[in-house]
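Right after this note come the structures.
Next come two complexes built around subunit A: one with subunit B, the other with subunit C.
This part shows the complex of A and B:
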């Protein structure tokens, strides 16, 4: 019994310690003065993390918009309210689906790659060698990746929404024959720029910080063996997915749930 | 990773696409109006009951959208609703002062909007004044209540 409690306490202490390490890690890499070639390092990371994720995010957005329109149409047409399709598709995408699905895809496509890359650098002692020659790996390796993630995911989320709304238009208007004017008109009447688009972007910025932070920290903090890398990559995807879904509920409650 | 011209070009395009996407969402999806401030003028109208009218609802004339509802407040003096509308400035000084405003519903389940119809008076409404002749929203429950009480009277 006492052993159980001790074990639990140890796990709790480990957890707290990891959170503290992660916070110090984030603070140190964000506050460091950017080096002269920091910008070009950042550009290279935006390319790897953002531009190369564009294809999967946009294709998913298109299909999710199309599915939303198809599902929404079959339900709404029963009430004779298929004119509200545009409003349904756009609100669902802007408020929930675009930030969440883009963040989940981002965690799988870019987050795991970040963890594996930094983890392999650690396992092959590249990070240690960098410290030896007087280059701070936090500034040279970690900071550009963090900033690249923070910038890329909101942009990907916006792209997801745009393509999703267009996918809904393709299915709803072009295929199922909803009147084009009521698709866009009802959408414009019900979507607010700051309440819906703004809050969606704020959500995606929060998710970007959380997912990139988890991914980079897991890579930096792993046990430097091949098994450690595989575990850390799995943990990145699992932790960031759970964090995104949990935070999404909290953010939704604050933004749209009338708690304030 | 080496930085090359194509990579920089790709990143530039990516960021440009993101900004363009935000502009598209703003203009096309949320119907944001860039020249709202100077191209509109305000009118007020008092309604006994606004039903489900919401801020940003359309204001139409002959079915054409000519403005939006800016705000809805309760008048504590007469206990009716004051609706402030911002209308297209091309209508400024062209609405007769006996024009009417009615709260209408688009379709059976659609959103509610304000329909303006022109009167015949030679006097025009000035900016910021109120439309006097208004018609409240039809509230389905009230109609049913009246119908039922009429039935029980007979």
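This part shows the complex of A and C:
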């Protein structure tokens, strides 16, 4: 019994220590003067992290929009309310599905790649040798990747929404025959710029920070062996997925749950 | 601290987990000379280099480089100081996303404002010195182990550092590139007045270039002196190591229970 309590205590201390290390890590990487060179490193990372995730995010957005329209139509048509399809698809996407699903896809596509890349640099002593050359890897390797993630995911989320709404249009209007004017008209009437689009973007910014932070820290902090890299990559996906879903609940409660 | 020594290691202690790696190491590395740190594998020679480079923090004692305590510098000052050092890693540790040329150019690009034409000249000179000017467009993954080490050496001296730390420079080299490396280390030291620290257990090669040798084992400096004086060292452990004899006071086996009992299944562990 005592042993179990000590064990739990030790786990708690370890967790606290890891959170502390991760915070110092974040602070040290983000506090740096921007430079022209840093900008070009950042652009390269936006390409690796953002542009290369575009395909998976957009294709998923299209399918999710189509499925939403299909499911929504079969329910709404029972009430004779299929004219509200545009409203349903757009609100579901903007408020929930686009930020959450894009973040989950981003964690799997870009987050795991970030962890593995930085982890392998650590395992092959590239980070150490960079330190010995007198260049801080937190500035040169970590910071551009963090900023690239912070910027890319909100943009990907917007793309996800746009494509999803269009997918809903394809299924709802082109296939199932909802009146085009009511699909767009209802959407325009019910979607608020700040309440829906704005809150969705705020969510995706929060998710972007959390997912990128977890991914990069897991890579930087891992045990530099092949087993360590595989475990850290798994942890990136698991932790960021859980963090995204948990935070989504909190954010939804604050934004739409009447708590504020 | 004498004026002629660039690096002073004073009463250095280092613990990893429950294991004491160093228990009071004192070294003094004279300016402009080649100092070798030798010892059996697993005595923490690489750890010692990492302590000198400020990558690990000692649990006691201090390391002074040019009078400055490495482990009390701020992060910024530490990186500033490392610009005056070069380190050759055992694995080479080249940046895998950059070509050979860009790897050697990296320190020049980040620390100097040299125009591109001059960067090019310096890189080609350094690559020529290690015999790999023709390999400049290859990626690190396309290089053999020996070539990787030579590119890493070219990168380590790209900024003409005052102090260069070699971690096992001779391991895994064929006889030709070994000879080239030995010559190169000596030439760099003589021509540029570099202070060099060579960590190695290749006795013949190391003794042939070192001006002064420290033998480290059991967390301490066991012996030190010029190569000639070590060759005639009376201490049994030192002479076993220097002459490479399998039998002697330094055990070849990792501590274990009795072999006979172990193999008949009567040891302490199943």
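Throughout what follows, the second predicted complex is superposed on the first by the 258 of 260 C-alpha atoms of A that agree within 3 Å, B and C clash if a C-alpha of one lies under 4 Å from a C-alpha of the other, contacts with A are read in each partner's own complex, and residues count from 1 in each chain.
Just so we're on the same page, contacts are C-beta pairs under 8 Å (C-beta built on N, C-alpha and C of every residue); 3 or more make two chains touch, one makes a residue touch a chain.
In this text the structure is predicted, and so the values were computed from the model without any measurement.
**Q** With the two structures laid over each other on chain A, which partner does A:46 touch: subunit B (first), subunit C (second), both, or neither?
**A** So A:46 only meets subunit B here.
**Q** Should A:162 be classified as contacting the first partner (subunit B), the second (subunit C), both, or neither?
**A** first
**Q** Regarding the shared-chain residue A:184, is it in contact with subunit B (first), subunit C (second), both, or neither?
**A** The first partner, subunit B, only.
**Q** A:129 contacts which: subunit B (first), subunit C (second), both, neither?
**A** Touch partner of A:129: subunit C, not subunit B.
**Q** On the superposed three-chain arrangement, identify whether subunit B or subunit C touches more subunit A residues.
**A** Touched residues of subunit A are more numerous for B.
**Q** Contact residues on subunit A for subunit C in the complex?
**A** 28, 121, 124-126, 128-136, 140
**Q** Under the touch definition given earlier, write down the residues of subunit C that touch subunit A in their complex.
**A** That would be residues 53, 55, 75, 79-83, 85-87, 89, 91, 93-96, 106-107, 110-111, 152, 155 of subunit C.
**Q** Can you name the residues of subunit A that touch subunit B in the complex?
**A** For this pair, the touching residues of subunit A are 40, 43-44, 46-48, 50-51, 54, 79-81, 83-84, 90, 94, 151-152, 154-156, 158-159, 161-162, 165, 184, 186-193, 196-197, 201.
**Q** Which of the residues in subunit B end up touching subunit A in this complex?
**A** That would be residues 1-3, 7-8, 10-11, 13-15, 17-18, 21-22, 24-26, 28-32, 56-58, 106-111 of subunit B.
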